[in-house]
């Protein structure tokens, strides 16, 4: 038993002594905190224009790239939070590796306000918007890839609840994939049509957030 | 069962496997985080004046619009948090649609620091204050409308606790309405008398926060 | 039953339907969030000096008023959080009035970063430091007064746990008083000797934080 | 019983009246909040460069010291959070002294964004980077020393769970030590080779975060 082992003790190993859910609780609380802060900090990126009445309205309206960036980032972080919620709800217990993967995901998510600012300041600025949109897309892609990795790792290591049907597991695995492909496509598109790519990022987040399945079932039932 | 269904799984569907309150817990924790951060970030909008002693006092006092904006925003977010607390306390379980409506509410609430800054910088600036006050009012109206929608949706979908009396439900529904009407009236008033509208926004928040009913009962009992 | 009554429903009234601790839990979570954010935002007030090597060290050291303000504010918010923790731990249930008082306390606490910045920028600036120190002291006094009010209200309304000894209640009431008197004395002193008053604010916070009783008992036992 | 005793009441003393875990819960919630905020605020230190397309890419790439500082600080706070999680998970109950030590640790951790900014702005600036790297290292050393102190205090005062094996306790004590020695070595190295010291700080954090023990066991099992 090496010195480094103690810090990576997992719930399975300590199960007799404590409830296995404890570690997950702390990870969830910390994650919720980081998600909540990252999503709320976005508003600090919005600068206040100054000027006389018409100028102020114009000034506020002319900042549409900032609002668009705010909207896309809020929706994207919200989508990752939703996916994270579903994954942790299916989790039975955590391992040390899972907690580290989660920390990596949190780093990528809490980095997003920076590309958001980059995007808000450079959309419409013709040339540099391509750079900003690409960096922004890479950040979203990384977040999405880490969420996917987190889930696949949890499934492979059998950390999910034993009573969860295999079909459910496969569905969620499938569900997390289109986002990844979508981001790759949008990053490529963004090299030619940056603003369209930003709208694509928004569409991906909305697709994850809006429960189309539930709406369709409701429409069918009506 | 489409791929998009998995992510919208609700507690009712999974009830046998886990306690139905879990999802609500995570939604509450995330909401509390966003409310707490949005309300605390407001202080960052206050700029520090510089100058010699009398100038500093003058400088601090001359910033009254910033303090007024801070006060109104703190009271308004506090009021929404209180209403949110009552709603979630009456909730028995959540659905995927409710969680998304809640996310929308959080976006509107966490946007408020921006109009607050707008207001703090442009009150007293004669012309542009009308624009700032209107944008500010629209934000408050939207937040209030979403709280109302959240509650009505929860009632219609029977997500509230079954043991809650019908009279209680009707009362809370009623209670959430005057705020909406008040904001519409204040936004209209703000086009002519902006500062008065801001005081009106404060009055609405105070009306929601201060438990007049409890005070009246106490006065009657004394 | 008026419309405004619904929102002020207290735990006692709803006790049969739900556990009485729920409302308190939500209030604690929100309070912890606001305290944690206010205390962590303080670091944003520290500006980075620029210059060559010796200049940088000089620049960093010359900012001692900012570090002092940071230290005093961190200790003061920490002290209020500690007192808040003790009060809520003694609480059996909450009422609507208590939750509103708590909201007022949170507003005063989350305002502190503003006077902190004021203090950090104006200490040593000879004249305006008197204004900054007084505003700062008033903020601390208000926070302390509201904590005291919260406790006295909880005691008078019998919201504390029935099994808590009378002696304990009186002790905590007493314990919360010297802070109030100390702040009044320091605000008066600050009109003549501002920097000394700031050290006095620090001393009050340290007095609340450091568990002298426990240390003394330990020394006696040794 | 002196007045100051009430505020330092410990769980052992109040055990019959309430569950002993309560105080620890509140301390953990507040700590998680501060850790989450400090780690998420780091992104605000990243400035957005402006310019035409190639300039923007260059500008973004030229800011590598900021990204490096962001990465090292995120990893370091993450490492402290992980160690904190393990310690509190082993805790059976808290004492007033432990809660104060924890508050001190939180102050040191939430101060880190300031040296991070210092580092990001002065790396590569030849002369002042030595000052920035040293201040940064001292902050990390202090955080590490306080985590170590927290653990040793908890062990000495028998606050940890009685069913925890002696070997486990010794291992965690050992595990927390190399970080301390590492920081001392890196601070000394930083006086001559600042950038190398920063990479050393990163290596220490990665060593704490990455579960080498688990990876090695897995490699052995494969």
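We call the chains A, B, C and D, going by the order they appear; numbering starts again at 1 in every chain.
The definition used in the following text is that contacts are C-beta pairs under 8 Å (C-beta built on N, C-alpha and C of every residue); 3 or more make two chains touch, one makes a residue touch a chain.
Source: prediction; values computed, not measured.
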| item | value |
| --- | --- |
| Copy-to-copy rotation for subunit B and subunit C - C-alpha atoms, rounded to a multiple of 5° | 90 |
| Interface residue overlap between copies subunit A and subunit B, same or different (over half shared) | different |
| Gap in Å, rounded to a whole number, between the CA centres of subunit B and subunit A | 25 |
| Subunit B and subunit D, separation of their C-alpha mean positions in angstrom | 35 |
| Subunit D, residues touching no fewer than two other chains | 29, 33, 36-37, 41, 44 |
| Contacting residues of subunit B [partner subunit A, same complex] | 1-10, 17-18, 22-23, 26, 29-30, 33-34, 36-38, 41, 44, 95-97, 99-100, 103, 106-107, 110-114, 117-118, 121-122, 127-128, 130-132, 135 |
| Complex contact set, residues of subunit C against subunit D | 28-29, 32-33, 35-37, 39-44, 46, 48, 50-53, 55-57, 60, 70, 74, 78, 81-83, 85-86, 88-89, 161, 163-164, 167-168, 171-172, 174-175, 178, 208-216 |
